[in-house]
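In the two complexes that follow, chain A is the common piece, with chain B as its partner first and chain C second.
Right after this comes the complex of A and B.
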């Protein structure tokens, strides 16, 4: 297991210590708990936005805490949900009287804990609303969208909700745009190699040297097809077509595209993928507003990538265009 | 060879096509050559800054073409120098009468070609100056600094020179701050696994499952010590101490730190490294102004990392703080 780490049991805490040390003016912990992280920079009267989830996915989740994005994050162990108590502490720290929106991925443990945290917050007099992101079309067929896992596309939900909250919109309004963004995103992934959870010490799955798995989840959840590694354009087709068919898209639609590396895949390969994505979209008459390429939701050293598309209307485009500044994501006004 | 690509011989061109397609408003090619890339956004009267080098290192080199950084880049094959003719074409395209500064890494092929391009530019009446970045302390002992390879620390040279040029400084002034930045940067790397050049198809070197190599270059050049993989803090010590001893640093100095992933190493591990870097620097009384963590100079899917420190004075700190915007690097005013 070739990881640059000290003891496996310290992996998450030392990672957080590193993130805090690298960004002393931006992030702080609350409740004396390293795993309850908030933005130091508070905008008075703003709706708070909290997320949370397992570690091992940087920049997810913690990396999007910052101006124009999220206000707080509770951090779990690698691939494990944080606790409802940690979520509650973050909620209390970021509430400024306007309420708090939870945005997180569609995973059983996270749902259970965020539900419990919302109930506890209610007892404390804090109004909480929730938007659960689930956009991986490989994990639930059409008609069973509620089964879909949340993966890299949650970036769009954070970005759009964060921009709305920064306009001092009400909790209902922030929730509305977050839900609209979540409803308009679709993602498909491909895995080429596994990752190793530090405390487990062995690969989460195996793939032969000439194989790929389409639709695999960011924790190694089974995909929809395992087969021989194809050329890049063929891989893109297998990912993009199901996304386009699902919403569905029509000529004249406008999108933003996110090509996300899962950890070990070089940026060169992500751009080779985008080359074909752009050509297919152009052929179908779908206009591309803005392209994001890089690592937005990873699985540590897993090789592979995902493609996310969000269908934009005027409101979503406007909110996506707003500036944001976090330790892992920087955008000036588009 | 698990790469998301089409034909190996199209790897570089299709990558550039993807980068251009993803950034249509920002980058353009000149001389009808895909491998001659310039910033579309020209600032009148500014000194032009050009770089160039082999592919396979994104964001190096092309990724730093943008506002507040570089004006143009000639792109070579994977780990191969671009040609002097391509460099000349970029030079001609970015010269606005104030001259052009070449900033590139200390590699034989690049030096040869940039020297030739500078001579050809002179014939065309374009004044060219050069700063060669070489800051990898593993590749040349003290007293033999001219042997040192240019690696991730060139980011600082680009950033600082780019900020000075954006102030419409003269070519001599831009060259002076670039040379000062280059003289103040030191880097050390560690490799954990090799990469594969697409057209070669097999790993550039082998390392056993429990081994690391301290000081290996970004093309797999031999390092200074191969041994058992150590815990993160021990690896950091082996990299950081030679950097600190080389300049040398004294209590009260101020630095910026860059923790660079070589491609396959997860961000989590880079932050675990920074945790210890920050503690060692604090102990030595060295003040940290700004920390950059991520992928700044890679070797495709190589696992490993490098640490770069630049010693700052008021001028360098001020220039480093300026905003920049490129397809791969975004910074607001610090």
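Right after this comes the complex of A and C.
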């Protein structure tokens, strides 16, 4: 293991300390707990949006706490769920009387703890609704969408829900657009090399020099096919075709595309991927509204990438276009 | 005894704390077979905190007391099993929130909501080698006892017996959840640690009611 860190057990807390120190005017912690991060900037009467999840995925999850996106985030250890009490503390801190929406990925530990936090929030008199993102087509076949893991596509759910909440919409309205965004996103990933959890110290799986795994999850969950590394266009085809067939995305649709690096893959390679994604979509008559390329949901030092598509209608396009400002994401009005 | 009042509940939580203290090592050993071995520690923390919370409870409503115990467990034991048990007490407590003295039929409502709350939160069902495989038979036994017009002590005794039988039955099941799921075939023949916790909870109720 070769990492820039002090002690493995301090990895997460020192990462948060660094983020807080670098963004003093924007983020704060609550309940005397570093793992409970909230936006300092409050908009009166707004629905609060909270997320949470394990560390090791920056900018996920806390990187999207900011204006026009999320109000708070509970932060777990590397690849571990935060506790329900941490989620509850964030909920209490961001509720302004309009209720709180939880948006998080479809993982057992997170679901359990967010359900628990929602129960406790109810006892405290705070109304909570939940939208669980699960858009990785490799992790569950069509018809079993509820098994699908949440990966980079959750970015779109945050962005769209955050924009709606900033219009001071009701909790039901914010939940509706979040669910609509989640229903229209699909993602597929590819891994080229594993990642190392600091406290474990060695990779959780191995991939040979000449191998890739299509569909692997952002914690190293098994994918759908392991094989020889292909040229970029071939890799893109293996990822993009299942995405297009799943929703399906068809001629005349308008989409936004997200090419996400998993941590160790350079932007150059992501753009080489997009070159082919753009050509395939043009050939299929699918119009591209906005392309995001960079790191949105990583897996420590894993090499690889994911492709996400969201099908847009007027409402989703309008919300996606709204400005946002967080320590890890900046967008002007499109 | 025809119903369980606040004093009886305080007594039950006294037993639960002692039972979890006494069974700490047994649960650690059981959990170490296929889990990470922290179950004994988690349950001791959970019921020590719940016991303290319950002894200090000054309200009249038993459902409220059980809900508070659940919230305390969630804080004290944030592991998966701690959170599931907390969820059980919270859902159960809410299902009889305003009840002051718990009748057998209300106790069956409590344990049904307890079991269903855990099934929903843990996305599981009977037969998957989990805590549910002791809780669900216990809830069913209470429902039957209630229909048959049994008294509270007899009803809880039937539930405790059903829970212990449920624990035995987990030996023949294949694990589907958590770390234990990696051992699917190998998990056959091993008693489920979560189900054992459920039987210990029923034991606390049984001992507390019997006195």
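Throughout what follows, the second predicted complex is superposed on the first by the 334 of 334 C-alpha atoms of A that agree within 3 Å, B and C clash if a C-alpha of one lies under 4 Å from a C-alpha of the other, contacts with A are read in each partner's own complex, and residues count from 1 in each chain.
In this section, a contact is a pair of C-beta atoms (placed from the backbone, for glycine too) under 8 Å apart; a residue touches a chain by one contact, two chains touch by 3 or more.
This is a predicted model, so every value here is computed, not measured.
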item	value
First (chain B), second (chain C), both or neither touched by A:123	second
Which of chain B and chain C A:44 touches, first, second, both or neither	neither
First (chain B), second (chain C), both or neither touched by A:113	second
Partner chain(s) touched by A:83 [first = chain B, second = chain C, both, neither]	second
Contacts of A:192 with chain B and chain C, given as first, second, both or neither	first
Touching partner for A:298 - first (chain B), second (chain C), both, neither	first
Partner chain in contact with A:264 - chain B first, chain C second, else both or neither	first
Chain B or chain C, by number of chain A residues touched	B
Footprint overlap on chain A, comparing chain B with chain C	none
Residues of chain A defined as touching chain C within the complex	83-85, 108-109, 111-113, 115-116, 119-120, 123
Complex contacts: residues of chain B adjacent to chain A	2-7, 11, 14-19, 21-23, 55-56, 58-59, 190, 192-193, 209-210, 212, 229, 231-233, 235, 263-275, 278-279, 291, 293, 295, 298, 300-301, 303, 305, 323, 325, 328, 330-332
In the complex, chain C residues that touch chain A	67, 71, 74-75, 78, 80, 83-84, 86-87, 90-91, 120-123, 177
